[in-house]
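In this document, chain identifiers A, B, C, D and E correspond to the written order of the chains, with residue numbering beginning at 1 in each.
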């Protein structure tokens, strides 16, 4: 088991998915239980990996290597290091929470549960694979595998404009990833001997022009996923229309695939180009941060506000990446994790409210703090985490990002700090409109959160507080790898 | 001898010119029946040209198979499908001008190349005479496979044609 | 050779062009088929001409031409069969009236 | 090699021929025409079993008129798969019931034979004859259905367009023959390369390409395809989109491989633009289609454009491999898609995309498999279509055809949009009609087999690449 | 005693917070206050011995590794030096007393346990801030205090005004916090550390200081001062504090008078070495503090809400402290911070007691309460005297120290402005006292009663503090306090000046006297004065129009910008990407096409361009086979011509 642990992590959801296919459509309970058990087992396997993972080592661990397509030298190559490890943990966590969240949500949405959980589990396999694959070809395959279930999950179970949102998401991402594919192929042919093996590719050097062109190709693929301004327009639609658990996955995991791509592939493969594009990345980051913040401020739709806040928060990831120093990278990677837990939680909370009130119009609420104290408390908690309240995880990562960026450019950092201010503004404005003020009598009968909903949020809160108070618990897993990466990039000078 | 040669030459050019005129008739005559007859004449003219190249067998095949069979079938088809009285209907569509221009360009371009190309005339071939017996031997020898293939095609095509053309019972 | 090879080729080219013109402009499908026969015939002339001049083996061109005639006959047969079927079904033999399938 | 000793290597073809004649004979004897179909299937299986891996060096059977090499053998397999799948699809296609069903299967056995001769053709004469053989059978099969106005129309269009194209091809062949004095491709190659002969060679080859371009529905010779594919009986359409096209590519590759020596650089540009034109036209037109068959027809044009990418980078071995892989991936994918179209069309009585609405609930298995095929056509990993697309993309990148690659990438994204329109109809539009009955076993079987092929190639590419490329 | 016990000081209240928030509403109910008070008292008990040890010259520090940064690591820990010991002393005592008071004040509130949870969290944060040994931890605690402030201001969130006030408070202070954050980043970039003692070490000596770029230090000092401006409600970010009075009164006393707002001053004190290293930043601090002190006092003259008057008074006094620090008067500023905490807390608690007894907040409805609420009145008057600066109460000594610093350091303008403000302070405080406790009851509906002992007892404790705490800094104890602080951070000291003292006393006494004359005897004079100086009166009444300016020039433009960008996002960016390069000219068309297609359910967004091409290409497919042939033929010709290079 442990020798193929990463494969088990990747494919357990798929096995669960196929098991689901054998269950009759009407056996709703068995379907739910199988799905839940599968995600739980996956999470447990990740826990096992956690115990086997040696934090102090920089290289890839638990590596699995097998020849897959000998004609191209494509390998089935999985491995975990300090960059992918947090992402895998995040994926397992968010998937489990989203699966729990699905239990009621999808029932409410009216049936087709078998299809839903099948796609859900397929999606989890895709995400895990994306974060674990060390072979560019394999990576691309998992990357694409994520798209298709996502299309269906948004398109079938989404909101009123689901079709539009689904196809928009799909096409944007596909268009980007096709360019990435071209980049991947170009890298393959530029390497000698030709290989897709990340462990070998990072040791090779390419000309600056080549690096720039291919960096751009990769950039398109990743930037659309992040999403980097101005490629973000798919995001509000997709997030808003997707059903709650899927919004959670989108915000929690999918966006991270883009920034993960930067860290895993773009930077180590094209260090010179990365440096060349450093100013551009920084500017895009700051534009995203401020732009997303301002637009979030103007939203009246709760979910859309959270969606745009993602644009702003992912900007901090990009900012950390643009800094290209130890603090920046740590901040970026940590922010990826934190944004996953925090925004995932916020989307769950939006869902909780929507399931009860069937509206997301912020101006329609008010005074719910008295009616739903637990909900109010948790919503406030996540909002505070999102606006970077110290003591909660969001602060640490944003601080590190800013600290890193400050060493690169003072102006960019100072402007980014406005984003923090904006975050406070739109989140508190939201709280004011939802929780505070007079209770709208329309909502007098709303029940507070139930145990199932709580169970989806509490684990996230544990992570948020733990990292916020003592970030070392997760940072020490990241640092050796990130420092190694930095060494690789610096070595390229 | 020269005069004879010249006469033959003139004859041949006249033949070609006449054939071309007939060919133009094939594509321009309003009455399709006349067209078909022109086709027959064109094919016969071509057959005559074959004789110039000492391809007597081909000339025979051309007349027997083409004129004898194909044109007959065509005329049958014309008679089956068309009321000959209906001559007032336009026989040409509206794209004759672009077609004409395009074809003139094609002929100009290709013709120029045909004229400029240094054809590697093979003296042995020019001198050789291919008898019917030679052809038969070749067909049964070297070319036996294509020959058999054509026969298979014929059978398949005939079966298919019969099925397709057969009157359908009822709608 | 009594007349220069290119002249014959030009003749066949002209025949080919006339056939092509017919193909492009004739409304009647049978007319189009007739024009196609002209085009095939042009190729046949080429083959015969070359078989007497440039061919490495003298019988190649002639045999090719025989096959061409055979195929032309088959095309005509099959074509006319299809045209007949069409006529039965649609009561028309005009190519520009056969446009159920488009766009 | 003389005829008698050649026969030893010719057994599968003889079986097919014998089977074809026997099928027509059986058609007289048997009341249940379906039995003829079974017999035809049996014949194909027998022929497939009798296939032997060809020896290392190629065999020139029948004095070189049947050129049996690995390449030809590969297409033998492809042809047999295509015909077998088509017959299986036809089993479930009810309009065929009362219309010479036995002859239909017999003609398909001939078709299998014809396709194999195309694959093995190595000179102008054989190329002409075999391509014509395939064409004539195709015309007949396209118009096979009774009282079907569209089928008749499609047959006429196919016939006219095809005959003209083969006439042009023949004219080009005659010029090439005249230039080289021989019908053998290597001899032609030698002559065409010489500067004096080059213009003539160009004209001849371009004419030649018209015929082949017609077969592979390459722009601008693609316009017949949508009409014919829409009108022809669905099993025939399935077959036409795959097999003649694949064989067209086979011939094209043979011609490119032997004829283009030094001049390939000129041709790369031509092929590149043709490829761009083909995929763009196909994709652009496919967007607004409402009939699934017509929609798949345009998609198949676009796919031809992608395949041409592999040829445009000639003589890169990767490009050649890419074409072969693509053809096989496309074979499974498209036949599978059409198998679904056929069985769904048979059950709903309509080929409109609108009639697929809610199919995921009315016929979940059909919808799921259709989705797999459409995803494969889109090029989503890990399906066969992705591997194929990857191959040609890789070839183009390797040859630094950046324009081509970028255009192809944009095209793929556009294509994704319209493929997903069908998926959307099946999954996102609620069902307004009752559930469909179960498809017949044969249809289900062929669909599953094709899906297995699509998934198999996608998941175990190494194995399949080895199988295909040796 | 093990100094690491100091970790318990913030941890105990934090435990109370966790228990109260999780179990309070369901299980503890009214017992929630016991837990908070107990933990607070325990923290006090632990802290006080340590404080006294420090007062005797001790110095404690300890740390552990927390966050890896750059090549090194940020270490968290505590640093008990004279500065923090003074605050620790004040915070634990005042905090505990106020909580005792609150347990009576808040009795019967439905969210009783929630209140004490928040207060405990606040205590934890404040204590963390006080004992922290580096800016990061300082900042974290700082922000959590901001959160508590937010939560407590919005405690009665059903009131629209409270909901708005808490939002405003958080956001306004956040503006300063962002500055603080940038200042920290700058500092870290300049020095590579955020640890107080390391910063001291780096900047204390001239040689080490020279190695650090001065521009970075200036930046970091000024940006950090932004934090102070926000938290300590200095102009121009003072607007949140008066609104913050929406919170329960004990909260106003604890957070918005005694402790949290003083944290801003504490920040400057903590960063004092940085300011000292770049003295050119000091005038900024002085100017802002001085202006704030004056402005707030001036506004307080005309306010009628008892808590608002106190709020402006707080702003004004904070201005004094900031001014002092700006003039390098670390001792004076800190001294005033401590004394102010006691008497201002007392004032607020007294005001709370009045409100609790009368259920009104407008002083025009009060009057003659002295009889009905003697304990409250006496303690309140003591605090007022202290605030007005009547010797020998604590306020006199600390305020005098500030005036002395201004005078001795040569800032004569500052000195006179502050003296004028002192006069105004005495006036408005006694206007308040006279209108509330003396005269006749103005509103017959108000039925006042004295508060219970649980509330008056803390009042007396604080009153004692207000009286005696001035002595450690007075000449009687040889300015012990100033010397004590000078241990930690060397700064200039001045000899007491009789002139300054007499100015101070004259200002205070005359202010009280004037207030007495007007509000005890000739109330109509007030109206006459208001009429006579109408512009000034309006300016004061409308609080210098700062809120209006913000609303007009900051908040509305921001919201508008958000909306504009959203519109931009929905049309231009989305449209541009969708338009796939058709250019801005096409945007309108793209949008139309878009809507139509969305409405039609054809989710068609490949772009107008593609759609357009589609319609063109589609038309080619006429269904006429000869058209096809012609197109094929022409295409073929094009290729022939191109290939033969004829064109």
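Just so it is clear, contacts are C-beta pairs under 8 Å (C-beta built on N, C-alpha and C of every residue); 3 or more make two chains touch, one makes a residue touch a chain.
What you see is a predicted model, and the numbers here were worked out from it, not measured in a lab.
S.K.: In how few steps can one go from chain A to chain E if every step must land on a touching chain?
M.R.: 1
S.K.: Counting C-beta pairs in contact, which comes out ahead: A-D or C-D?
M.R.: More C-beta contacts join the chains of C-D.
S.K.: Report the chain whose mean Cα position is at the greatest distance from that of chain B.
M.R.: E
S.K.: From the C-alpha centres, identify the chain that is farthest from chain D.
M.R.: Measuring from the centre of chain D, the most distant chain centre belongs to E.
S.K.: Quick check for you: compute each chain's CA centroid and the global CA centroid, then name the chain with the smallest gap between them.
M.R.: A
S.K.: Could you put a whole-Å number on the gap between the CA centroids of chain C and chain E?
M.R.: Spacing between the chain centres: roughly 95 Å.
S.K.: When the C-alpha atoms of chain B and chain E are each averaged to a single point, how far apart are the two points in Å?
M.R.: One centre to the other, that is 101 Å.
S.K.: What is the distance, in whole Å, between the centres of chain D and chain E, each centre taken as the mean of its C-alpha atoms?
M.R.: It comes to 76 Å between the two C-alpha centres.
S.K.: When the C-alpha atoms of chain A and chain C are each averaged to a single point, how far apart are the two points in Å?
M.R.: 65
S.K.: Counting only residues that touch at least 2 other chains, which ones in chain C make the list?
M.R.: In chain C, residues 9, 19-20, 23-25, 32-33, 44, 49, 53-57, 63, 67, 71, 74, 78, 82-83, 85, 95-96, 98-102 touch at least two other chains, as defined above.
S.K.: List, in ascending order, every residue of chain A touching at least 2 other chains.
M.R.: 163, 166-167, 171
S.K.: At least two partner chains per residue is the criterion; list those residues in chain B.
M.R.: 93, 95, 99, 106, 109-110, 113-114, 117, 119-120, 122, 125, 143, 146, 150, 153, 157, 160-161, 164, 168
S.K.: Can you work out from the touch definition every pair of chains that touches here?
M.R.: The set of touching chain pairs is A-D, A-E, B-C, B-D, B-E, C-D, C-E, D-E.
S.K.: Report the residues of chain B in contact with chain E in the complex, numbered from low to high.
M.R.: Against chain E, chain B makes touches at 93, 95, 98-99, 102, 105-106, 109-110, 113.
S.K.: Touching chain B in the complex: which residues of chain E?
M.R.: For chain E paired with chain B, touching residues are 624, 626-627, 630, 633-634, 637, 640-641, 644, 646.
S.K.: For a test of understanding, state which residues of chain B touch chain D in their complex under the given definition.
M.R.: Checking each residue of chain B against chain D gives 109-110, 113-114, 116-120, 122, 125, 141-146, 149-150, 152-153, 156-157, 159-161, 163-164, 168, 171.
S.K.: Please give the residue numbers of chain C that touch chain B in the complex, ascending.
M.R.: So the residues of chain C in touch with chain B come to 1-3, 5-11, 13-15, 17-22, 24-28, 30-31, 33-35, 37-38, 41, 44-45, 48-49, 51-59, 62-63, 65-67, 69-74, 76-78, 80-85, 87-88, 93-96.
S.K.: Inside the complex, what are the residues of chain D that reach chain E?
M.R.: Per the touch definition, chain D meets chain E at residues 156-157, 160-161, 164-165, 168, 199, 202-203, 206, 210, 219-221, 223-224, 226-227, 266, 270, 281, 284-285, 287-288, 413-414, 417, 424.
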